[in-house]
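Heads up: the structure comes next, in structure tokens.
Per-chain numbering from 1; labels A, B, C and D assigned in written order.
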Amino acid sequence: MNPKAKNKVDFNSDIGESFGQYKLGRHEEIIQSISSANIACGFHAGDPNWMKKTVRIAEQHKVGIGAHPSYPDLRGFGRRDITIDPEEVQNDVIYQIGALTAFTSNNKLQHVKPHGAMYNKAVNDEKLAEAICNAILEVDSELILLALSGSKWIHIAKEMGLRVAQEVFADRAINSDGTLVSRSIDGSVIHDANIIAQRTLKMVQEGYITSITGDEVPIEADSICMHGDTPGSVQIAKKVKTVLESSGINIVPLSELI
Amino acid sequence: MNPKAKNKVDFNSDIGESFGQYKLGRHEEIIQSISSANIACGFHAGDPNWMKKTVRIAEQHKVGIGAHPSYPDLRGFGRRDITIDPEEVQNDVIYQIGALTAFTSNNKLQHVKPHGAMYNKAVNDEKLAEAICNAILEVDSELILLALSGSKWIHIAKEMGLRVAQEVFADRAINSDGTLVSRSIDGSVIHDANIIAQRTLKMVQEGYITSITGDEVPIEADSICMHGDTPGSVQIAKKVKTVLESSGINIVPLSELI
Amino acid sequence: MNPKAKNKVDFNSDIGESFGQYKLGRHEEIIQSISSANIACGFHAGDPNWMKKTVRIAEQHKVGIGAHPSYPDLRGFGRRDITIDPEEVQNDVIYQIGALTAFTSNNKLQHVKPHGAMYNKAVNDEKLAEAICNAILEVDSELILLALSGSKWIHIAKEMGLRVAQEVFADRAINSDGTLVSRSIDGSVIHDANIIAQRTLKMVQEGYITSITGDEVPIEADSICMHGDTPGSVQIAKKVKTVLESSGINIVPLSELI
Amino acid sequence: MNPKAKNKVDFNSDIGESFGQYKLGRHEEIIQSISSANIACGFHAGDPNWMKKTVRIAEQHKVGIGAHPSYPDLRGFGRRDITIDPEEVQNDVIYQIGALTAFTSNNKLQHVKPHGAMYNKAVNDEKLAEAICNAILEVDSELILLALSGSKWIHIAKEMGLRVAQEVFADRAINSDGTLVSRSIDGSVIHDANIIAQRTLKMVQEGYITSITGDEVPIEADSICMHGDTPGSVQIAKKVKTVLESSGINIVPLSELI
């Protein structure tokens, strides 16, 4: 059996991305299907009031709570790349982890998953990847880093001694080298809930995924990233959950996996 | 002997009030004379980079570290009153306490002292005072609240079970009912370092202060608030420290007093 | 005939209150029913991208364009009162008027209507009312101030030589002294589209409104404030428009009235 | 005679870069030596209060007033590159030009000079350069763009029909291809006021500059960029002014040159 095969997996989703009067996402629904929540910390979305509400909802559903830190970019929703000195990013991440931690009942987070442009850049930028890992180590060395499966970032984090969880995207096509197919290419995003569910099951149960060119690619799937911003995405999450559970896969928070 | 008389006292000062490229205050100097530091948390001043630097300086000087939370008001430096729902202020304070805590070496603060307009309003506004106390209790019930000596806020905090430190202003004249003489009145602010030092010594050693009309008013002085924004204020702090220490008063962090 | 009676009136609505990824309001619909638009300028809502889009939509519909300046309060949506020095509010208003003006095709606005807490305070606070009027005079003395009908603010503006338009709220009950019935009182907000339409018609055509206690109160209605944030509010606006137009009242921008 | 030689030139400096309680720069001094001022518009520095004060000072000294727009980056002082869609940068620039314009006595600016990272990127990024030019054309096609002498940006702006002023840096060494010597190379920044003055005189009077390798490079110098952040920089500006004027060169605002 492939050592990457598993009988349990985590489902994660970004939640708490409202701000002031502005509501975004379908938290009450997606929270039903996930086991870990990445909660916005005020830099790209979220504010202290939404953070408290979102933490309470996550605690009620016994979902693992993680910080979802971002570059300071409310207007761009954290999707703009900003050339910030990695040492300064480190401080921004420490700040956001601390702020979210204070809203939890036990003053303890489960994990950290950076958001948007910071996440995308850290996948390939060693200095940024290290800075984020250092931020986690400075605050609490037991915190799990949730990052892109198979990335250089994952390797850096492991070498630095962090607890690491590898996430995969259930609705994205994969190249034969394991990278995501660019969104500009036809077929890069999968919309059919059944196909998404079957691909997810295969990743977890067998440790393999079929690439866009038909190759079988080994993949580590500790956690499946689920979207919660449209009715369709909430339905997909439910479907994937049902298919996995009926196949004997348990959906559990990262803390029970890593 | 007056039960308010003491042989040790804390000196506190607001530090870390720079922002980005903008530098403010004389931290390196005032840190020499104080035993507790109130560090800005990004809402009226400070940012994650300055917070880290300031926490490191405070730790090097073995100064007790406290959060100095504010209304969200960078442009007004936290001096504008804002009609925010107390429940929302509570969340803003939790956020700021958490953010600062994450920069400390032991993930632990000593105290919380609100800033500017939030401090001034909490002195007389019961709901706001309670909200701030609730924020402290939610994050860490061992945190000390540092607030105006003799105020209603102090009484509320004590009833809610908080550890409380009462602060006095060494350079301000006092009315016979113990309140501060309004800044609009002549003589309300004292500028002579010797007079400030003698008044401070009397407050600590005897538990009394002479009011502007000549009455002897009992006063509890757990902590003396020192300014650090001008060369003159740094000199006054040094003078007061010297006079107190030569009179046998130890200057110690709040954690050794309360 | 009552000198306050008219055969034409303006319909105004707050639009452009989205921010970054966050969408708010139903601009495409409400814009069909109004003749003047109050556009957010980035302080409580709106950003340069939304301001451009909203100005273009307003120009396409030949709707009069006005600035909707606010206190700097994105998180509180401009609904929090902030004790800002009136001279500083004046500068904030100048800034926002200028910013919005730059997006118009002819570098010219029709009017200015402050938002939220700033509007509510200016109704009774002479210094703030004057500061807002001074801001308008400094930028362009031809700009029309749109403010609460019958208020002290209207009188101050007239004395300062401003062009003034008096607005009324079609869905709010009125006391016999002409002030709005507090929202905390039953019946203060009217929800029935037919009643709203009939009350509006009476205000415009006769210059009177029936107070909550049954008195006939004279009222000046240059402009009717319409909401555009719910499907229901959009329907009400359509109904009122239809009733007025079928009664021979023309709905025209403020610039054709004042 | 070299067609680039001139008998008059503009001196420009960035001013108004304070924010709230934070003061930066030596406006009162540098304003004495310059003929054009680039005024911060609130995105990297400045706020409505400082903008009004700074515009008044510039008007008193009959200095040409220009907008100094930036990426939205108060914490990074506009020095961080941000990957913002050029169309969105265009709107940010329109917003800032409009906001500053509203503070001038005649509702008219002389020029626009982008700040920091936006300026540096526009020098080589055609789409960004075009977006900035489009912003200027949208607000007021008579506004002069002030940008790096000899850059692609200058050529783009000319082709788009803008009025263009070419600026040079008096204290920077130049490569033989006309580009600035990188700050990481020894000798890239010149500190001697006399050398700076002589180089400046040569650029203006002869239209040439001696490169770091000794070549004579033709250069167009419509405006000399002066710093105003240290006592030393203010002294250099005075010296350069004295040398140029005693050599018969008039220092005049851009509007009298372009």
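Just so it is clear, contacts are C-beta pairs under 8 Å (C-beta built on N, C-alpha and C of every residue); 3 or more make two chains touch, one makes a residue touch a chain.
Remember, predicted model here, so these are calculated numbers, not experimental data.
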Touching both subunit A and subunit B (chains): C, D
Proportion of interface numbers common to subunit C and subunit D (over half same, under half different): same
Distance from subunit C to subunit B - Cα centre to Cα centre, in angstrom: 45
Mean-CA-position distance for subunit D and subunit C (Å): 41
For subunit B, residues contacting two or more additional chains: 75-76
Interface residues, subunit D side, partner subunit A - complex: 72-73, 75-76, 80-84, 117
Subunit C residues touching subunit D - in the complex, by the definition given at the top: 42, 48-49, 51-52, 88, 91-92, 94-103, 107, 138-140
Subunit B residues within the subunit D interface of the complex: 19-22, 24, 45, 47, 74-77
